[in-house]
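The letters A, B, C and D name the chains in turn, as written, and every chain counts its residues from 1.
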(Lines give C-alpha, C1' and ligand atoms only; values in the text may rest on other atoms or scores of the structure.)
Protein backbone atom coordinates (compact mmCIF):
# COMPACT_ATOMS: atom_id res chain seq x y z
CA UNK A 1 0.00 0.00 0.00
CA UNK A 2 1.61 3.23 -1.08
CA UNK A 3 1.54 6.57 0.64
CA UNK A 4 -1.22 8.24 -1.35
CA UNK A 5 -3.80 5.49 -0.86
CA UNK A 6 -3.29 5.66 2.93
CA UNK A 7 -3.90 9.42 2.71
CA UNK A 8 -7.06 8.79 0.68
CA UNK A 9 -8.34 6.35 3.34
CA UNK A 10 -7.68 8.91 6.11
CA UNK A 11 -9.49 11.55 4.03
CA UNK A 12 -12.46 9.22 3.65
CA UNK A 13 -12.63 8.43 7.37
CA UNK A 14 -12.44 12.09 8.37
CA UNK A 15 -15.03 13.02 5.74
CA UNK A 16 -17.37 10.32 7.05
CA UNK A 17 -16.89 11.44 10.66
CA UNK A 18 -17.55 15.06 9.70
CA UNK A 19 -20.73 14.16 7.82
CA UNK A 20 -21.84 12.03 10.77
CA UNK A 21 -21.27 14.90 13.22
CA UNK A 22 -23.19 17.31 10.99
CA UNK A 23 -26.00 14.79 10.72
CA UNK A 24 -26.07 14.46 14.54
CA UNK A 25 -26.18 18.24 14.84
CA UNK A 26 -29.14 18.44 12.43
CA UNK A 27 -30.99 15.68 14.30
CA UNK A 28 -30.28 17.47 17.58
CA UNK A 29 -31.59 20.78 16.26
CA UNK A 30 -34.79 19.08 15.16
CA UNK A 31 -35.21 16.79 18.15
CA UNK A 32 -34.30 18.76 21.29
CA UNK A 33 -37.25 20.19 23.23
CA UNK A 34 -36.45 23.91 23.54
CA UNK A 35 -34.37 26.73 22.19
CA UNK A 36 -31.56 26.66 24.76
CA UNK A 37 -30.93 22.93 24.40
CA UNK A 38 -30.92 23.31 20.60
CA UNK A 39 -27.99 25.68 21.01
CA UNK A 40 -25.78 22.81 22.19
CA UNK A 41 -25.70 20.81 18.93
CA UNK A 42 -25.60 24.02 16.87
CA UNK A 43 -22.64 25.38 18.80
CA UNK A 44 -20.46 22.32 19.41
CA UNK A 45 -21.21 19.50 17.02
CA UNK A 46 -21.64 21.71 13.97
CA UNK A 47 -18.30 23.45 14.39
CA UNK A 48 -16.52 20.15 15.07
CA UNK A 49 -18.08 18.55 11.98
CA UNK A 50 -17.09 21.54 9.87
CA UNK A 51 -13.54 21.35 11.20
CA UNK A 52 -13.37 17.60 10.46
CA UNK A 53 -14.40 18.06 6.82
CA UNK A 54 -11.99 20.95 6.34
CA UNK A 55 -9.15 18.90 7.90
CA UNK A 56 -9.92 16.07 5.49
CA UNK A 57 -9.66 18.58 2.62
CA UNK A 58 -6.30 19.70 4.05
CA UNK A 59 -4.95 16.15 4.00
CA UNK A 60 -6.30 15.65 0.46
CA UNK A 61 -4.62 18.86 -0.69
CA UNK A 62 -1.18 18.17 0.79
CA UNK A 63 0.90 21.16 1.80
CA UNK A 64 0.08 24.12 -0.44
CA UNK A 65 -1.31 27.63 -0.03
CA UNK A 66 -4.87 26.29 -0.10
CA UNK A 67 -4.00 24.31 3.06
CA UNK A 68 -3.07 27.52 4.85
CA UNK A 69 -6.33 29.07 3.73
CA UNK A 70 -8.20 26.04 5.10
CA UNK A 71 -6.37 26.36 8.43
CA UNK A 72 -7.39 30.02 8.56
CA UNK A 73 -11.03 29.05 7.90
CA UNK A 74 -10.92 26.44 10.71
CA UNK A 75 -9.46 28.92 13.22
CA UNK A 76 -12.04 31.49 12.12
CA UNK A 77 -14.86 28.98 12.65
CA UNK A 78 -13.68 28.10 16.15
CA UNK A 79 -13.54 31.77 17.13
CA UNK A 80 -16.75 32.87 15.42
CA UNK A 81 -19.17 29.97 15.91
CA UNK A 82 -19.20 29.96 19.75
CA UNK A 83 -19.61 33.73 19.66
CA UNK A 84 -22.63 33.46 17.38
CA UNK A 85 -24.12 30.81 19.68
CA UNK A 86 -23.52 33.05 22.69
CA UNK A 87 -25.13 36.00 20.87
CA UNK A 88 -28.25 33.95 20.09
CA UNK A 89 -28.49 32.72 23.69
CA UNK A 90 -28.08 36.28 24.92
CA UNK A 91 -30.81 37.53 22.56
CA UNK A 92 -33.22 34.84 23.77
CA UNK A 93 -32.41 35.60 27.41
CA UNK A 94 -32.97 39.32 26.87
CA UNK A 95 -36.29 38.49 25.19
CA UNK A 96 -37.40 36.57 28.29
CA UNK A 97 -37.37 33.00 26.92
CA UNK A 98 -37.45 30.58 29.87
CA UNK A 99 -35.62 27.24 29.75
CA UNK A 100 -37.53 24.00 29.37
CA UNK A 101 -37.78 21.78 32.48
CA UNK A 102 -37.90 18.01 32.45
CA UNK A 103 -41.47 16.75 32.20
CA UNK A 104 -42.90 19.72 30.32
CA UNK A 105 -44.33 19.49 26.83
CA UNK A 106 -41.90 19.88 23.93
CA UNK A 107 -41.80 23.34 22.40
CA UNK B 1 -16.22 10.88 -2.39
CA UNK B 2 -16.60 14.68 -1.99
CA UNK B 3 -19.68 14.39 -4.16
CA UNK B 4 -21.43 12.06 -1.72
CA UNK B 5 -20.38 14.18 1.25
CA UNK B 6 -21.96 17.21 -0.45
CA UNK B 7 -25.20 15.28 -1.00
CA UNK B 8 -25.32 14.22 2.68
CA UNK B 9 -24.78 17.81 3.79
CA UNK B 10 -27.59 19.05 1.53
CA UNK B 11 -29.92 16.45 3.10
CA UNK B 12 -28.86 17.61 6.59
CA UNK B 13 -29.60 21.22 5.58
CA UNK B 14 -33.10 20.13 4.54
CA UNK B 15 -33.53 18.49 7.96
CA UNK B 16 -32.60 21.78 9.64
CA UNK B 17 -34.97 23.64 7.31
CA UNK B 18 -37.82 21.87 9.15
CA UNK B 19 -36.81 23.72 12.30
CA UNK B 20 -36.58 27.00 10.40
CA UNK B 21 -40.15 26.57 9.10
CA UNK B 22 -41.72 25.23 12.31
CA UNK B 23 -39.60 26.93 15.00
CA UNK B 24 -42.02 28.22 17.64
CA UNK B 25 -40.05 31.41 18.38
CA UNK B 26 -38.01 33.69 16.13
CA UNK B 27 -34.73 32.69 17.83
CA UNK B 28 -35.28 29.10 16.69
CA UNK B 29 -35.56 30.24 13.10
CA UNK B 30 -32.40 32.32 13.30
CA UNK B 31 -30.56 29.40 14.89
CA UNK B 32 -31.66 27.14 12.05
CA UNK B 33 -30.65 29.69 9.41
CA UNK B 34 -27.26 30.03 11.11
CA UNK B 35 -26.82 26.24 11.01
CA UNK B 36 -27.75 26.18 7.31
CA UNK B 37 -25.18 28.92 6.75
CA UNK B 38 -22.42 26.84 8.35
CA UNK B 39 -23.40 23.96 6.07
CA UNK B 40 -23.24 26.29 3.08
CA UNK B 41 -19.65 27.19 3.99
CA UNK B 42 -18.67 23.52 3.80
CA UNK B 43 -20.62 23.03 0.59
CA UNK B 44 -18.73 25.89 -1.05
CA UNK B 45 -15.38 24.48 0.11
CA UNK B 46 -16.32 20.98 -1.07
CA UNK B 47 -17.57 22.18 -4.45
CA UNK B 48 -14.25 23.93 -4.91
CA UNK B 49 -12.62 20.51 -4.78
CA UNK B 50 -15.33 18.75 -6.81
CA UNK B 51 -14.87 21.22 -9.68
CA UNK B 52 -11.12 21.52 -8.98
CA UNK B 53 -11.10 25.26 -8.41
CA UNK B 54 -9.50 25.93 -4.99
CA UNK B 55 -10.21 29.66 -5.37
CA UNK B 56 -13.66 28.84 -3.98
CA UNK B 57 -12.10 28.91 -0.50
CA UNK B 58 -12.10 32.72 -0.59
CA UNK B 59 -15.86 32.63 -1.07
CA UNK B 60 -16.25 30.14 1.81
CA UNK B 61 -14.34 32.47 4.12
CA UNK B 62 -16.49 35.42 3.05
CA UNK B 63 -19.68 33.45 3.58
CA UNK B 64 -18.66 32.42 7.11
CA UNK B 65 -18.01 36.08 7.86
CA UNK B 66 -21.35 37.34 6.52
CA UNK B 67 -23.14 34.62 8.49
CA UNK B 68 -21.49 35.86 11.69
CA UNK B 69 -22.41 39.50 11.03
CA UNK B 70 -26.05 38.52 10.40
CA UNK B 71 -26.27 36.75 13.77
CA UNK B 72 -24.68 39.65 15.66
CA UNK B 73 -27.06 42.07 13.93
CA UNK B 74 -30.03 39.93 14.97
CA UNK B 75 -28.85 39.90 18.58
CA UNK B 76 -28.43 43.67 18.61
CA UNK B 77 -31.82 44.28 17.03
CA UNK B 78 -33.54 41.84 19.38
CA UNK B 79 -32.17 43.53 22.45
CA UNK B 80 -32.17 47.21 21.50
CA UNK B 81 -34.89 47.35 18.83
CA UNK B 82 -32.41 49.18 16.58
CA UNK B 83 -29.12 48.52 14.86
CA UNK B 84 -26.83 51.36 15.87
CA UNK C 1 -28.15 44.73 31.22
CA UNK C 2 -25.13 42.78 30.07
CA UNK C 3 -22.32 44.67 28.39
CA UNK C 4 -21.65 42.30 25.45
CA UNK C 5 -17.99 41.89 26.33
CA UNK C 6 -17.63 38.75 24.26
CA UNK C 7 -19.15 40.21 21.10
CA UNK C 8 -17.10 43.41 21.41
CA UNK C 9 -13.83 41.60 22.00
CA UNK C 10 -14.33 39.10 19.16
CA UNK C 11 -15.39 41.88 16.76
CA UNK C 12 -12.28 43.79 17.79
CA UNK C 13 -10.16 40.79 17.00
CA UNK C 14 -11.56 39.93 13.58
CA UNK C 15 -12.28 43.38 12.09
CA UNK C 16 -8.63 44.05 11.01
CA UNK C 17 -8.48 40.63 9.37
CA UNK C 18 -11.75 41.29 7.54
CA UNK C 19 -10.45 44.63 6.29
CA UNK C 20 -7.21 43.11 5.06
CA UNK C 21 -9.15 40.29 3.40
CA UNK C 22 -11.33 42.82 1.57
CA UNK C 23 -8.24 44.59 0.26
CA UNK C 24 -6.87 41.19 -0.83
CA UNK C 25 -10.07 40.48 -2.75
CA UNK C 26 -9.84 43.87 -4.49
CA UNK C 27 -6.17 43.43 -5.38
CA UNK C 28 -6.58 39.89 -6.75
CA UNK C 29 -9.73 40.73 -8.70
CA UNK C 30 -8.30 39.81 -12.09
CA UNK C 31 -6.82 36.40 -11.17
CA UNK C 32 -9.38 34.96 -8.74
CA UNK C 33 -13.10 35.32 -8.00
CA UNK C 34 -14.05 38.67 -6.55
CA UNK C 35 -12.97 42.12 -7.54
CA UNK C 36 -13.80 45.68 -6.73
CA UNK C 37 -17.46 45.22 -5.94
CA UNK C 38 -17.04 42.21 -3.67
CA UNK C 39 -14.06 43.66 -1.85
CA UNK C 40 -15.92 46.89 -1.30
CA UNK C 41 -18.89 45.02 0.13
CA UNK C 42 -16.64 43.12 2.55
CA UNK C 43 -14.97 46.35 3.66
CA UNK C 44 -18.36 47.96 4.21
CA UNK C 45 -19.45 44.89 6.18
CA UNK C 46 -16.46 45.26 8.50
CA UNK C 47 -17.45 48.85 9.31
CA UNK C 48 -21.07 47.75 9.78
CA UNK C 49 -19.91 45.07 12.23
CA UNK C 50 -17.99 47.73 14.13
CA UNK C 51 -21.05 49.98 14.35
CA UNK C 52 -23.30 47.09 15.43
CA UNK C 53 -20.88 46.08 18.18
CA UNK C 54 -19.86 49.52 19.48
CA UNK C 55 -22.68 51.88 18.54
CA UNK C 56 -23.19 54.76 16.17
CA UNK C 57 -21.11 57.35 18.05
CA UNK C 58 -17.90 55.31 18.03
CA UNK C 59 -18.47 54.41 14.41
CA UNK C 60 -18.81 58.07 13.40
CA UNK C 61 -15.59 59.02 15.19
CA UNK C 62 -13.77 56.26 13.32
CA UNK C 63 -15.21 57.03 9.91
CA UNK C 64 -16.84 60.45 9.64
CA UNK C 65 -19.58 61.59 7.29
CA UNK C 66 -17.17 63.89 5.45
CA UNK C 67 -14.80 60.98 4.85
CA UNK C 68 -17.48 58.74 3.30
CA UNK C 69 -18.65 61.55 1.02
CA UNK C 70 -15.05 62.24 0.06
CA UNK C 71 -14.38 58.55 -0.64
CA UNK C 72 -17.53 58.39 -2.73
CA UNK C 73 -16.33 61.16 -5.03
CA UNK C 74 -12.73 59.93 -5.16
CA UNK C 75 -13.83 56.46 -6.29
CA UNK C 76 -15.97 57.77 -9.13
CA UNK C 77 -13.22 60.20 -10.16
CA UNK C 78 -10.67 57.37 -10.23
CA UNK C 79 -12.95 55.26 -12.43
CA UNK C 80 -13.85 58.10 -14.77
CA UNK C 81 -10.30 59.47 -14.78
CA UNK C 82 -8.77 56.20 -15.95
CA UNK C 83 -11.46 55.90 -18.61
CA UNK C 84 -10.89 59.44 -19.84
CA UNK C 85 -7.13 58.98 -19.77
CA UNK C 86 -7.61 56.15 -22.25
CA UNK C 87 -9.64 58.48 -24.46
CA UNK C 88 -6.98 61.19 -24.22
CA UNK C 89 -4.27 58.70 -25.20
CA UNK C 90 -6.26 58.03 -28.36
CA UNK C 91 -8.26 54.89 -27.54
CA UNK C 92 -11.84 54.09 -26.66
CA UNK C 93 -13.24 54.61 -23.16
CA UNK C 94 -11.50 52.11 -20.80
CA UNK C 95 -9.20 50.76 -23.55
CA UNK C 96 -6.38 50.15 -21.08
CA UNK C 97 -3.67 49.17 -23.54
CA UNK C 98 -3.53 52.75 -24.88
CA UNK C 99 -2.22 53.81 -21.45
CA UNK C 100 1.17 52.37 -22.38
CA UNK C 101 1.63 55.29 -24.77
CA UNK C 102 4.64 55.23 -27.06
CA UNK C 103 6.19 52.30 -25.15
CA UNK C 104 3.41 50.06 -26.45
CA UNK C 105 4.07 50.74 -30.13
CA UNK C 106 6.13 48.44 -32.29
CA UNK C 107 6.32 44.68 -32.24
CA UNK C 108 9.11 43.64 -29.84
CA UNK C 109 8.68 41.73 -26.60
CA UNK C 110 9.37 45.01 -24.81
CA UNK C 111 6.27 46.61 -26.30
CA UNK C 112 4.20 43.55 -25.50
CA UNK C 113 5.37 43.71 -21.90
CA UNK C 114 4.42 47.37 -21.66
CA UNK C 115 0.96 46.65 -23.08
CA UNK C 116 0.47 43.83 -20.58
CA UNK C 117 1.55 46.02 -17.67
CA UNK C 118 -0.70 48.87 -18.81
CA UNK C 119 -3.69 46.56 -19.04
CA UNK C 120 -2.98 45.12 -15.61
CA UNK C 121 -2.54 48.50 -13.93
CA UNK C 122 -5.62 49.87 -15.67
CA UNK C 123 -7.82 47.06 -14.37
CA UNK C 124 -6.18 47.46 -10.95
CA UNK C 125 -7.05 51.16 -10.77
CA UNK C 126 -10.62 50.51 -11.89
CA UNK C 127 -11.04 47.82 -9.22
CA UNK C 128 -9.75 50.15 -6.50
CA UNK C 129 -12.13 52.88 -7.66
CA UNK C 130 -15.14 50.56 -7.66
CA UNK C 131 -14.11 49.18 -4.26
CA UNK C 132 -13.92 52.65 -2.71
CA UNK C 133 -17.31 53.63 -4.15
CA UNK C 134 -19.09 50.45 -3.07
CA UNK C 135 -17.62 50.54 0.45
CA UNK C 136 -18.53 54.17 1.04
CA UNK C 137 -22.02 53.75 -0.42
CA UNK C 138 -22.67 50.71 1.80
CA UNK C 139 -21.47 52.57 4.90
CA UNK C 140 -23.57 55.62 4.01
CA UNK C 141 -26.71 53.55 3.40
CA UNK C 142 -26.26 51.71 6.68
CA UNK C 143 -25.71 54.86 8.69
CA UNK C 144 -28.72 56.58 7.13
CA UNK C 145 -31.14 53.66 7.56
CA UNK C 146 -30.03 53.05 11.14
CA UNK C 147 -30.42 56.75 11.89
CA UNK C 148 -34.04 57.14 10.76
CA UNK C 149 -35.20 55.38 13.93
CA UNK C 150 -33.95 58.35 15.94
CA UNK C 151 -36.66 60.63 14.59
CA UNK C 152 -39.80 58.90 15.85
CA UNK D 1 4.12 49.84 19.00
CA UNK D 2 0.70 48.39 18.29
CA UNK D 3 0.82 50.07 14.86
CA UNK D 4 4.04 48.25 13.88
CA UNK D 5 2.88 44.91 15.29
CA UNK D 6 -0.48 45.13 13.54
CA UNK D 7 1.13 45.93 10.20
CA UNK D 8 3.52 42.98 10.59
CA UNK D 9 0.65 40.61 11.45
CA UNK D 10 -1.39 41.94 8.52
CA UNK D 11 1.51 41.60 6.08
CA UNK D 12 2.12 37.98 7.12
CA UNK D 13 -1.61 37.25 6.83
CA UNK D 14 -1.70 38.73 3.31
CA UNK D 15 1.31 36.70 2.19
CA UNK D 16 -0.24 33.52 3.62
CA UNK D 17 -3.53 33.90 1.78
CA UNK D 18 -2.10 35.38 -1.43
CA UNK D 19 1.20 33.67 -2.19
CA UNK D 20 1.79 35.94 -5.22
CA UNK D 21 5.30 37.37 -5.39
CA UNK D 22 5.01 39.86 -8.26
CA UNK D 23 6.25 43.38 -7.59
CA UNK D 24 2.75 44.86 -7.86
CA UNK D 25 1.42 42.37 -5.33
CA UNK D 26 4.21 43.00 -2.81
CA UNK D 27 3.68 46.75 -3.07
CA UNK D 28 -0.08 46.39 -2.60
CA UNK D 29 0.55 44.07 0.37
CA UNK D 30 2.67 46.71 2.09
CA UNK D 31 0.21 49.50 1.28
CA UNK D 32 -2.78 47.42 2.42
CA UNK D 33 -1.22 46.36 5.73
CA UNK D 34 -0.16 49.92 6.51
CA UNK D 35 -3.65 51.16 5.63
CA UNK D 36 -5.39 48.58 7.80
CA UNK D 37 -3.16 49.24 10.77
CA UNK D 38 -3.69 52.98 10.22
CA UNK D 39 -7.46 52.70 10.54
CA UNK D 40 -7.68 49.91 13.15
CA UNK D 41 -4.43 49.41 15.04
CA UNK D 42 -6.13 49.90 18.40
CA UNK D 43 -8.55 47.03 17.69
CA UNK D 44 -6.21 44.06 17.45
CA UNK D 45 -4.08 44.96 20.48
CA UNK D 46 -6.29 47.11 22.73
CA UNK D 47 -3.88 46.60 25.61
CA UNK D 48 -1.31 49.36 25.99
CA UNK D 49 1.31 46.86 27.09
CA UNK D 50 1.78 44.83 23.91
CA UNK D 51 4.54 42.51 25.14
CA UNK D 52 2.10 41.32 27.79
CA UNK D 53 -0.39 40.46 25.02
CA UNK D 54 2.29 38.42 23.25
CA UNK D 55 3.11 36.57 26.47
CA UNK D 56 -0.57 35.76 26.83
CA UNK D 57 -0.68 34.50 23.25
CA UNK D 58 2.07 31.97 24.04
CA UNK D 59 0.21 30.80 27.15
CA UNK D 60 -2.94 30.49 25.02
CA UNK D 61 -1.07 28.17 22.63
CA UNK D 62 -0.18 25.98 25.60
CA UNK D 63 -3.83 25.91 26.63
CA UNK D 64 -5.27 24.94 23.24
CA UNK D 65 -4.48 21.14 23.20
CA UNK D 66 -6.47 20.70 26.41
CA UNK D 67 -9.33 22.67 24.82
CA UNK D 68 -9.29 20.45 21.70
CA UNK D 69 -9.53 17.35 23.90
CA UNK D 70 -12.48 18.90 25.77
CA UNK D 71 -14.19 19.65 22.44
CA UNK D 72 -13.85 15.98 21.42
CA UNK D 73 -15.35 14.91 24.78
CA UNK D 74 -18.19 17.41 24.32
CA UNK D 75 -19.01 15.95 20.91
CA UNK D 76 -19.04 12.37 22.19
CA UNK D 77 -21.35 13.46 25.01
CA UNK D 78 -23.70 15.21 22.60
CA UNK D 79 -23.76 12.27 20.16
CA UNK D 80 -24.85 10.03 23.05
CA UNK D 81 -27.54 12.45 24.23
CA UNK D 82 -28.90 13.17 20.76
CA UNK D 83 -29.15 9.63 19.46
CA UNK D 84 -30.39 8.00 22.71
CA UNK D 85 -34.09 7.11 22.21
CA UNK D 86 -35.26 8.58 25.53
CA UNK D 87 -33.32 11.88 25.19
CA UNK D 88 -31.50 11.96 28.59
CA UNK D 89 -31.31 15.71 29.22
CA UNK D 90 -32.16 17.86 32.24
CA UNK D 91 -31.64 21.50 31.21
CA UNK D 92 -31.06 24.07 33.92
CA UNK D 93 -29.35 27.42 34.39
CA UNK D 94 -26.34 27.86 36.67
CA UNK D 95 -24.51 30.95 37.88
CA UNK D 96 -20.74 30.81 38.28
CA UNK D 97 -18.38 33.35 39.79
CA UNK D 98 -14.81 33.88 38.59
CA UNK D 99 -12.13 36.41 39.42
CA UNK D 100 -11.24 37.20 35.82
CA UNK D 101 -10.69 40.91 35.22
CA UNK D 102 -9.67 41.46 31.59
CA UNK D 103 -12.04 41.40 28.62
CA UNK D 104 -9.80 38.93 26.82
CA UNK D 105 -9.91 36.47 29.72
CA UNK D 106 -13.70 36.72 29.96
CA UNK D 107 -14.04 36.21 26.20
CA UNK D 108 -11.77 33.15 26.16
CA UNK D 109 -13.63 31.63 29.11
CA UNK D 110 -17.04 32.32 27.55
CA UNK D 111 -16.10 30.69 24.25
CA UNK D 112 -14.41 27.78 26.04
CA UNK D 113 -17.57 27.21 28.11
CA UNK D 114 -19.60 27.12 24.92
CA UNK D 115 -17.25 24.57 23.34
CA UNK D 116 -16.78 22.24 26.34
CA UNK D 117 -19.21 19.48 27.39
CA UNK D 118 -22.79 20.29 28.23
CA UNK D 119 -22.67 24.05 28.72
CA UNK D 120 -23.45 27.22 26.73
CA UNK D 121 -22.69 30.76 27.94
CA UNK D 122 -25.84 32.87 28.07
CA UNK D 123 -24.46 35.99 29.72
CA UNK D 124 -20.94 37.19 30.50
CA UNK D 125 -20.69 40.18 32.80
CA UNK D 126 -17.95 42.70 33.40
CA UNK D 127 -17.37 41.56 37.01
CA UNK D 128 -16.50 38.04 35.86
CA UNK D 129 -19.77 36.28 36.71
CA UNK D 130 -21.38 34.05 34.10
CA UNK D 131 -24.89 32.76 33.45
CA UNK D 132 -24.56 29.32 31.90
CA UNK D 133 -27.15 26.97 30.42
CA UNK D 134 -26.27 23.35 31.25
CA UNK D 135 -27.87 20.46 29.39
CA UNK D 136 -27.50 17.93 32.26
CA UNK D 137 -26.09 17.66 35.76
CA UNK D 138 -23.19 15.34 34.94
CA UNK D 139 -21.06 17.36 32.48
CA UNK D 140 -21.70 20.71 34.19
CA UNK D 141 -19.95 19.53 37.36
CA UNK D 142 -16.58 19.97 35.70
CA UNK D 143 -17.31 23.66 35.28
CA UNK D 144 -18.44 24.09 38.90
CA UNK D 145 -15.17 22.52 40.07
CA UNK D 146 -13.33 25.33 38.32
CA UNK D 147 -10.43 23.66 36.51
CA UNK D 148 -11.03 25.71 33.37
CA UNK D 149 -11.27 28.98 35.30
CA UNK D 150 -7.88 28.25 36.91
CA UNK D 151 -6.32 27.54 33.50
CA UNK D 152 -7.65 30.77 32.01
CA UNK D 153 -6.61 32.72 35.10
CA UNK D 154 -3.10 31.41 34.40
CA UNK D 155 -3.31 32.76 30.83
CA UNK D 156 -4.49 36.13 32.06
CA UNK D 157 -1.65 36.27 34.61
CA UNK D 158 -1.39 38.51 37.66
CA UNK D 159 -0.32 41.60 35.74
CA UNK D 160 -3.77 42.60 34.49
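The working rule: contacts are C-beta pairs under 8 Å (C-beta built on N, C-alpha and C of every residue); 3 or more make two chains touch, one makes a residue touch a chain.
None of the values given here were measured: they were computed from a predicted structure.
Relative to the C-alpha centre of chain B, the farthest chain centre belongs to C.
Between the chain pairs C-D and A-B, more C-beta pairs are in contact across A-B.
Chain C and chain D have centres, each the mean of its CA atoms, that are 31 Å apart. Mean C-alpha position of chain A lies 11 Å from that of chain B. Rounded to whole angstrom, the centroid-to-centroid distance between chain A and chain D, based on C-alpha atoms, equals 17 Å.
Rounded to a whole number, the gap between the C-alpha centres of chain B and chain C is 26 angstrom.
Residue positions of chain A touching 2 or more other chains, listed in rising order: 27, 39, 47, 69, 72, 76, 79-80, 83, 86-87, 90, 94.
Residues of chain B in contact with two or more other chains: 58, 61, 65, 72, 75, 79.
Residue positions 1-2, 6-7, 10, 13-14, 21 of chain C are each in touch with at least two other chains.
By the contact rule set out at the top, the touching chain pairs are A-B, A-C, A-D, B-C, C-D.
Contacts from chain C toward chain A in the complex involve residues 1-2, 4, 6-7, 10, 13-14. Residues 21, 24, 27-28, 31-34, 36-37, 39-41, 43-45, 47-48, 65, 68-69, 72, 78-79, 82-83, 85-86, 89-90, 93, 99-102 of chain A are the ones that touch chain D when the two sit in their complex. Against chain A, the residues of chain B that register as touching in their complex are 1-2, 5, 8-9, 12-13, 15-16, 18-19, 24-25, 27-28, 30-32, 34-35, 38-39, 41-42, 45-46, 49, 54, 57-58, 60-61, 64-65, 67-68, 71-72, 74-75, 78-79. Taken in their complex, chain B has these residues touching chain C: 55-56, 58-59, 61-62, 65-66, 69, 72-73, 75-76, 79, 81-84.
Of all residues in chain C, only 2-3, 5-6, 8-10, 12-13, 15-17, 19-21, 23-24, 27-28, 31, 62-63, 120-121, 124 touch chain D in the complex they form.
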